[in-house]
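Shared between the two complexes below is chain A, which pairs with chain B and chain C, respectively.
Moving on to the complex of A and B:
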């Protein structure tokens, strides 16, 4: 897994498990990821595949009974897993910021939005009180909130979903972080607002050279936004490549199946393909390849051996034991 | 969820408005007691046990002091005990509940056991015990005493509310932005829990005023103090032929307690989002 340019974040062999009463849930089980400076990495996968846990692991906010067991997370050449809580607090919001899925509930209802953005600034920067309002207005204008001076004195309930997400983005950007983690930032917004928010994020990447970890299950969003894509399934990375390669030449059966289950206007098909079954319960993940119970190309070997993530060509890695065979063979378990 | 909206909702509620007016009247009475009371409450101004008349509206007591003046001045004691005890119990209860609710785990377990120990001790006996051991009798001591056991309910409420508030997305988002524990508690958790705290604190005032009267009545108060409970207990021996002695301080206690209860109920209806069904 190499890529051109400087790396901002690299995750090596990260394992985050949850120790529940029923057993150990291996939510993230040995993943490797890299994000280049000023790049967008899209992390795709079904619900429950470990995307959000990966994000929370980066900022060390995995809550009890979850635990990061293994690996290291190098951020600007510092291992985040060796930081203490105070150092992490300084990094969160300052160098790494997060925006969340639901903008409706992410703002504190009792304070004005201006207050909240000002607070995010004050947490990390020593700016005199008199100048804070101006910097809040500046950020509001940057994220496209019209009439910023007036609106920052309003409470969150007067804002629409899209506007709230802009406020969240304004808070996240207030300290010019190097990495922005966006956990399904557009999932709860309607499509026109989605597009606006995505455009805003692209602008942020361009203007501030901010790297973005974009977590989503929407392949359309990935195609629009990402430079590189990591496909995650049941706590493991299945395929990693640049975005063009993934969409034009997917090699992992799971990636292929995902792409085939997206409705397309330009290709004529009678019915959409679905992937049979559901994401396995991570209390008892299947032996061998975790996708093997649902894969159309499964052979005996898939159920025994865990496929390693192998770089087959520059910048394109796949974790499948049979990827060389499946080009010549049609899936026979699929309907 | 704005304050002007809450005020509008509050104004529509008749009982709450009446409660508010009663409380306001009692507070004003207490403040201007020296101006409105016709006599010095401790002076013997007439013969003993005079019935209500034009000169002494509420009559005179067993040693010839003016009852109206004593009821008026008694409002100071009642409010001091009620507000004082409520304030102390809010400070202690909120601090206790915040720490238990925010940190959870073993800290929470230990703190809640302390709470429960206090809850299972019959508080009345505790008061009697403390008063008779330490020989403290003034209203200020009674306020502290009442707060000593009165904070547990608030602590429990704040604790459970913190459990849910700290899981809310805006709190998580704030943690994600690098906010510290103190910051989270004071900017995210407490402000969002203000409504139930205000409501419970207001309702508690009524309870504390009644408790003060009760403690004074059974002789645990300062017999020289000007307190409704003391007046009640002193009037008890004459109840057969001097009805006014116990009636007026009793009414004053009752009306004040009803006022705070109505006010608390009204605040609950207009502030507490859980009872309104929206947030």
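Moving on to the complex of A and C:
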């Protein structure tokens, strides 16, 4: 494993808000995150929790009416928020790449996949034109596209969902980025294909020492892939720790409830735990702790004060005001 | 299977025999019209009060099976008996009556509700169509249905866009239950919902199944959910059922190599768990030209024998204590061996 503590990316107090006609949507509201070199950080949360906006903020692709208001994003000791657009363009695709949930809408249907990957290489790397095709073939073989020489001359519609995602990954990897942001990379894929793609991502991490920010709502995928996990809810980080800790010793009531609300193959459950209500609209987020309206342990104080993310023990941070009372209270309820 | 036999086994609510649904693509000049064999000879029974899971990857024909059973598509071949009556032989009028007893819950609550109708009309439409309730009685029934699915009754004059995804799915469920059906087909009812809302919906479905004594065909690609909610499971691959058993039996003792791989492919939210995996190569072939013999042989982790490439295996009961059907030459002819291809830690 890599040296403990060596960070590739750290985000401090990032706020990204959207100034819509109906009001300010606080999509990301003051979050802190860190990704170690060669590590996978899993960012879990339900839809509307701000996962994707976090990712877009890192590559500075938040579009109007969204705006990054606050904080800094330190990537290899440079603050990305201070870069101008030209410098950013050099970083995107070169040092930070991104893959998305729906590969079909990210690939241009009128160009061959080979051309599209070649473009990425041509723009970011200084290699002779004659060698570009060979490097596309190489990268296709690395991501497991069989018959690469022939297939790079085909258009995206001839590829299956899994294969398209491989093309996206090939494009993302073509410049050997230090950070790969994968936003729900397997959500639309069948489980057997998902397994192939996850294995490929694991291989990338191992072979290229690429750090990965893996965004997903699938707790199973997180458990298998991530080294560290950040649980996001309504624009805030609720809990952060290493993967084993989060799954075996979750401390935030939201994390706990989330883990108990999914049916699992390995555990027999008759009845699922239910989190009442739905994810809040971020136009008018609840006061105090944003989870308080749905939390089973809410007290008056939760509705007033915003809980800070506090490191409780080494490497395990939780944002909950009543965290210390919960375990005892739960014990009472169980009797 | 004759009609008579079907009547005798009164315990079985729905009986599907040799169901086929092929779609013809328009041909080009000099080219034969291609035929998509979406469902290609599917047979199963659903017992009264049971929840049968129909699982498989996208394109395996599970949704088409559901839609053909309800005659949304005209079948290519086969028959479906509902309470002993062959529903493919019924007249339109009889079918309309039968539809009261067979309903469907759709996957996408955004597409399956008419945006120009209020909740009152969406749920109440069924009463009008079948002439079952009017006026105050209709209102009373709609309110009681909305309460049952945990919607607030005074929202009944709202339109679908005013509701969240989970609430819309509740409207869809209320609509399906309006006529007190005996049989419901639920096609991926929770897969478009967020995790926390999904749990609410699964619990609601379980409660309603008990209350209405529903028999359910639960169509899904999500095996964790299927394990949670179903009593029995059929696994489909390329238009055929390849394995079917009791839910416990299937998950504890999967026999077909495809089922095994499918179960092992599901990520489990436990980072300490390490499993040996079978990573299937490639993706399922198209149902236009399914491979000869066993349809799974090109991806099978066992090295295929000549028979696998020639003969289509039949669904045979190999269970010891309970019924366990599997369609695999390796299992039925005792060619059992350890998987040799595509293994990965």
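By definition in this document, the second predicted complex is superposed on the first by the 327 of 335 C-alpha atoms of A that agree within 3 Å, B and C clash if a C-alpha of one lies under 4 Å from a C-alpha of the other, contacts with A are read in each partner's own complex, and residues count from 1 in each chain.
In this text, a contact is a pair of C-beta atoms (placed from the backbone, for glycine too) under 8 Å apart; a residue touches a chain by one contact, two chains touch by 3 or more.
From a predicted model like this one, the values you see are computed outputs, not experimental measurements.
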Consider chain A as the common anchor and indicate whether chain B and chain C clash or fit when overlaid. fit
Note, angle between chain B and chain C viewed from the Cα centre of chain A, nearest 10 degrees, works out at 80
What is the contact status of A:81 with respect to chain B (first) and chain C (second): first, second, both, or neither? neither
Using the touch definition from the top, say if A:157 reaches chain B (first), chain C (second), both or neither. first
Give one of first, second, both or neither to describe whether A:248 is in contact with chain B, with chain C, with both, or with none. second
Just chain B (first), just chain C (second), both, or neither: which does A:222 touch? second
Examine A:306 and indicate which partner it touches, taking first as chain B and second as chain C; both and neither are also allowed. neither
Touching A:106 in the superposition: chain B (first), chain C (second), both, neither? first
Of chain B and chain C, which one touches more residues of chain A? C
Contacts of A:46 with chain B and chain C, given as first, second, both or neither: second
Just how close are chain B and chain C at their nearest CA atoms in the overlay, in Å? 9
Note: in the complex, chain A contacts chain B through residues 59, 61, 89-94, 97-100, 102, 105-111, 119-120, 123-124, 155, 157, 168, 171-172
If you look only at chain C, which of its residues touch chain A in the complex? 57-58, 164, 166, 194-200, 202-203, 206, 221, 223-225, 227-229, 251, 261-263, 265-273, 277, 279-280, 283-284, 344
Applying the document's contact rule, which stretches of chain A touch chain C when the two form their complex? 46-47, 160-163, 190-196, 198-199, 217-224, 226, 243-244, 247-248, 257-259, 261-266, 269, 271-276, 278-279, 294
Show me the residue ranges of chain B that touch chain A in the complex, using the header's touch definition. 1-2, 168-170, 172-180, 183, 187-188, 191-192, 194, 279
